Amino acid sequence: MAYMLEKLDEEKVFKDPVHRYIHVRDKLIWDLIGTKEFQRLRRVRQLGTSYLTFHGAEHSRFNHSLGVYEIVRRIVEVFKDRPHWREEDRLLCLCAALLHDIGHGPFSHSFEKVFHLDHEEWSRRIILGNTEINAILKQASPTLPQRVSDVIEKTDENKLIVSLISSQIDADRMDYLQRDAFYTGVSYGHFDMERILRVMRPTEDQAVIKHSGMHAVEDYIMSRYQMYWQVYFHPVTRSAEVILTKVLHRAKELFEQGYAFQYPPVHFESLFKEQISLDEYLQLDEAIVMYYFHMWQHEKDGILNDLCDRFMNRRLYKYVEFNLELQMKKWLELSTLFQTIGLAPEYYLVVDSSSDLPYDFYRPGEEEERLPIHLLMPGGELQELSRQSDIVESISGKKRTDHKLYFPKDRLEDFSTFETEKKRILDILYGKG
Amino acid sequence: MAYMLEKLDEEKVFKDPVHRYIHVRDKLIWDLIGTKEFQRLRRVRQLGTSYLTFHGAEHSRFNHSLGVYEIVRRIVEVFKDRPHWREEDRLLCLCAALLHDIGHGPFSHSFEKVFHLDHEEWSRRIILGNTEINAILKQASPTLPQRVSDVIEKTDENKLIVSLISSQIDADRMDYLQRDAFYTGVSYGHFDMERILRVMRPTEDQAVIKHSGMHAVEDYIMSRYQMYWQVYFHPVTRSAEVILTKVLHRAKELFEQGYAFQYPPVHFESLFKEQISLDEYLQLDEAIVMYYFHMWQHEKDGILNDLCDRFMNRRLYKYVEFNLELQMKKWLELSTLFQTIGLAPEYYLVVDSSSDLPYDFYRPGEEEERLPIHLLMPGGELQELSRQSDIVESISGKKRTDHKLYFPKDRLEDFSTFETEKKRILDILYGKG
Amino acid sequence: MAYMLEKLDEEKVFKDPVHRYIHVRDKLIWDLIGTKEFQRLRRVRQLGTSYLTFHGAEHSRFNHSLGVYEIVRRIVEVFKDRPHWREEDRLLCLCAALLHDIGHGPFSHSFEKVFHLDHEEWSRRIILGNTEINAILKQASPTLPQRVSDVIEKTDENKLIVSLISSQIDADRMDYLQRDAFYTGVSYGHFDMERILRVMRPTEDQAVIKHSGMHAVEDYIMSRYQMYWQVYFHPVTRSAEVILTKVLHRAKELFEQGYAFQYPPVHFESLFKEQISLDEYLQLDEAIVMYYFHMWQHEKDGILNDLCDRFMNRRLYKYVEFNLELQMKKWLELSTLFQTIGLAPEYYLVVDSSSDLPYDFYRPGEEEERLPIHLLMPGGELQELSRQSDIVESISGKKRTDHKLYFPKDRLEDFSTFETEKKRILDILYGKG
Amino acid sequence: MAYMLEKLDEEKVFKDPVHRYIHVRDKLIWDLIGTKEFQRLRRVRQLGTSYLTFHGAEHSRFNHSLGVYEIVRRIVEVFKDRPHWREEDRLLCLCAALLHDIGHGPFSHSFEKVFHLDHEEWSRRIILGNTEINAILKQASPTLPQRVSDVIEKTDENKLIVSLISSQIDADRMDYLQRDAFYTGVSYGHFDMERILRVMRPTEDQAVIKHSGMHAVEDYIMSRYQMYWQVYFHPVTRSAEVILTKVLHRAKELFEQGYAFQYPPVHFESLFKEQISLDEYLQLDEAIVMYYFHMWQHEKDGILNDLCDRFMNRRLYKYVEFNLELQMKKWLELSTLFQTIGLAPEYYLVVDSSSDLPYDFYRPGEEEERLPIHLLMPGGELQELSRQSDIVESISGKKRTDHKLYFPKDRLEDFSTFETEKKRILDILYGKG
């Protein structure tokens, strides 16, 4: 237990471009940052393929994880000595904040989809498994690994702590909105976090916001909305992701077909078989993935080498708006035409859909129920945010979905072969069809 | 020649967190950005190992190259219609700005030192060799590749243009100071570039600064000074670089000894032999390097795997100040002691020196003569900056050098063996010797 | 006409904390800034009494007027050479931008209300009357004063130009939102103006926004919404304004009663009589007003000296929410009680109402019809903003109104007299009534 | 004594554009801010006439005083529980910080010079005299007014506290450099205050800076240097100040001559006689001064009305460099010529000198000895800053002085009379003489 309370001789600080400084006083936190599992987050980008749209967005999850830790550290300082807050939960909170993304692998959005991974499950395995992180947490307290894992999995009995890490206004979101806005250079993503932190209050079940801070929260919700559509769902980013996903699909398919790789997918084999071990998972990072994609540009398989070349050298697919329901006939015709001209439609004609729910107060029975944001009114009672804010009310529960059809336009504009078919394809895509 | 003048249908912009927007109107520039040689710069970090000190500094040379282009684009707009400026040099300037760093390989500071590479020579080879970049430049004008290369090599007859890319106040420095300050989060590195650009004037030999902008230039020089010592020469960054350099040394040594690599250094062989081809050079990037370092953590050679583990997991050397001249006796004793305890001193006891000359007006006969900054006085004559500025005068020509001794303190504090020797080593290093 | 085209020998710049630099190349603009009518705007605060809430907001209308000019200057640069834009309208636009607020007097919101003034009418009188501004405009072109006045009055036939100065997304609003956010220090008020300017396009009737800039416009609308409720309608600012208005009322009442002022309201007489001349109007500024308020702290009249002391020394009224319709009975009882305890209710029990319509597409028949914002779609047709933006649609036409009741709580808490009545008053106000 | 410790029920915050928020928890501080003497600082500009050069610089001393308070509040938080710091001095520090400029009158630089006032003496008189401030301080502790006054006068025995308010790196300077940079919009004036505060340490005699923060201090010193020459000594600002000073001189002269003022200088009489009382002093503010200047534009005296018109309508003097020692002959000739053409040289031919010493370590025997900045070295000893910093060493003790000659060029270019003399004057001034 002594280790748990051990302080560094002198506070350490990290210079952070978003929060200015990240302060570490606890030896436990310092030691966790030094583990190889945590250092690995330096090799996983926070925004996956977004750097191909916003060249500034090359920052890693290491960056973001420190940021979430720092925000929780500040919240906990505000909570100190207030009712409902137990100071003995402080380190649990800080550990969970720091480690909440520890399970993320390379380009996790695509990898999770293709290989049926779940980064939250991997977080648990890393925290509870045979790792440096587990050893350090256990040294602090035998029950700490399980508690940290429970908070990250949102199953911990202490709902207040869970809400700091995972809710509609948690430290995770507050960091990534600001950080991603900073690195992309977009002017959205700014809101008055300092004010929000000042007016956050602990209750038994969750952190709430004093009524006087409502406008700062409105601003945060609008930032979130803008960042989703301007950055996270940017159609060019999605194009790169479509290609990345298709590389993974193709490599898996070739592997299953027994194709003789010139550069065998050693690090991918257990992924393809969906029986990856903890050690194997921890080997994965974006440098490894890029190495293979780099090499596979020289594979004989024409689809694999083309897709890898596209990803490495940013030769992305173009896109048009597409309404899958209304345009099924077109889709079928396009598929057939793609087959004819020799572009496998499963790789070269891809519908991608994005959807976002900017704020919700309550969706009973849905897969992922979302804890609404509550305001602490002057009289002491709680009110759900959208009942007080016209702006938030107006967008509550309004899911917005966007479908796009992606394809390699360069291949369609090369008229050396199949001129008629290609013209027909372009006509369908660009509206004369 | 028509291609040279071709404009895009609509201006393209890149969102840039430092300059807000980067504007491209020329098809030539747009096409150069799209080449695979230029896209490769996304996989080479601007600040090498600095991200291990400043976690925000994960930005690539792609970022910086666009920034230098944008600054030159703005300068050229100011120069338009002024004496000494020829509008037909505009695209030459823009190309040279965009491509000035194209020859950089992964972690170039260390690689150049160990393998005797020179990124400026590689720039020339990439621009003049069989590359997509060369083809595009040639399409614009048969002589353009040579001119662009000459400007980057500072041998072009048009000294004005050369000074925009390489001088003591060039677009390169103006971008990197601001950009590196932005990403590291330090508060130095800011100066009023907008003002400097507004008061820049073309002369026959160089770009000069109107006298009224002197204070902005002073501020720029001070920013440069601070960035060198606060960021570029940060002792922790240098520790990572020492280790990186030693990995390369060790791998080369093992290769030359015929060591049987479990993960053979395929991409390094021609580097080790110092006979690397253009194609091989272009394969290199930091993902490739990280892949090998990752793998080599599992090599049998105890030095190689230790050094790779240190680099990947940030287990860096510690350092003390060291004056090689005065402390030669200590150094010899330390070397012997390191041998005794089994830490090869050529890998584990390393002196690193940094030195910087913040501003110089003229150093005849020196290796790299530096063009001084000139002010354009109200009467029309030119005056060298340090003759007008007290602040600059006070630091002109003052070289500052710093030596540090790096070593793996963790290995010295593990007293399981050689307790006496280790204690003696620590005494010498920490001042009781 | 030569004067109209005259350029300064060298561009002049003003350092501006919001737009960095304000650029002036036209002699006409430079001369207008130098007139005494324009310099007078330095003595009229942009935000009236807001400095008593946000201490940073001490900036003048001079500041803001230069800012609006600069924004229009940038728009006009984007418009250059585009269809529907006539370069000969450039100076007209710039003059109208610079002078659009020239008619504002001290604390204009309150003065206009009490003395039935209209700053737009005064703008016209200043531009068309015997002033330095008129002389300079006339020197440029005999018809210029009338055109500038027409644009400011929104009656000019060129609706495109009018829309740059007065519409739901004009240079006026874009400047004041950013400027007021800057000086108050609030984190709202930021939006990507650079992007909006880049995507603005002239049409015959108005400036429109390319569809690709829709999100920047959404962000602007949200900024506007937040600034209204967080800054412009801040209840403390309104308290100061209530007091200011009551000082003016009291002084006028005393004047009409023939009260013997110790410090006679020389500068106010023609205002009281509502027959103020142009010269008299131009004498008014906030220094003059403050002088009288300062002096009147020493007048014998107990209401006037109390109100002036409150304004000068920030001893403001407190407030409670008040619904005039539902609470008429309470209001009557309060009025009577105030009378009883000797606080004239017409000065000490004041309802203030604020209301705002964040965006509207069309309100036929209303007093002030508002030109909707139109998006220029990829196909070339125009679409009203709220038909494309869910967020804007959700707040379109939704007027929000807020009523508060202001009173001097300090006087009610002084229980030396009328203890029973005061307790009753406090009970009514604070909810036990 | 209870009042001294009284906390507000809830922390109050002021939104501040420079420090984001200013936090007040002590009732004593809150009450001091509410006094009429402190509110009066809203009517005194921080930068005097600078707003005529930098239109953004309209901020008041109220602004700055809150800022200094906030910085000291943060320092005191860092000092808490450290050796040499006594928590019972906390409120004394905060009061001295808040009130350190309370003695400033309108345009104090000029007023002090002309009327031989000293704002530090007035601070003492306000704090110790019959004022609201005195009453509040006394209520906290009978000795508090004297202690606060002693700290501001630098005579308090506790040198550590004095150094926080008045030294070469005190809260006063740290606030005004940043604040004035913010409002003027210049890019100098920024330094990493957060870092400096983090590394400040109390010693018995003064606050010192940990060695690791040296570069942040260097940056602060450079900011100071730049702000002096770019902002505080800007020649246009000095022109306005020259005119302002001359207005005061003229009014005094006229008063002494028994001139019959149309607008008698009621508020100035005791100033002219140099026997102003505390009450009279507290009546003065910039609104009052502007009122008189406004009125005096209509006085019959040609010098007074001209000077007032120049000040109100920014018709400033031009300037040339002038070396009084070398150019005495010219000066005499100019004086005679000015007499001849009817421009009284004592009002229309004015030499103004500015000088600055950016940093000094020790100047024994000088009028105002300056406490050097000390670094706390790793070993615990103190070292004077310039012994560690090359940059600071290079500028230490180097006083820079600048003389300019100011005159109304407009009057010299009006050739309707005295053409020969005016030409001769212009020749002398502009270098053909």
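In order of appearance the chains are A, B, C and D, and numbering begins at 1 in each one.
By definition in this document, a contact is a pair of C-beta atoms (placed from the backbone, for glycine too) under 8 Å apart; a residue touches a chain by one contact, two chains touch by 3 or more.
From a predicted model like this one, the values you see are computed outputs, not experimental measurements.
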A-B or B-C - the one linked by more C-beta pairs in contact:
A-B
For chain B and chain C, let me know how many angstrom lie between their CA-based centres, rounded off.
52
Just curious, how far off is chain B from chain A if you go by their C-alpha centres, in Å?
32
Check: chain A positions touching at least 2 other chains come out as 20, 186
Connecting every touching chain pair, does the picture come out as line, ring, star, complete or other?
complete
List of chain B residues in touch with chain D within their complex
186-188, 190-192, 195, 215-216, 218-219, 222, 225-226, 229-230, 390-391, 394-395, 398, 400
Using the touch definition from the top, list the residues of chain B that touch chain C in their complex.
13, 20-21, 194, 198
Show me the residue ranges of chain B that touch chain A in the complex, using the header's touch definition.
14-18, 20, 34, 36, 39, 42-43, 51, 54-56, 58-60, 62-63, 66, 182-186, 283, 285-288, 290-291, 294, 312-315
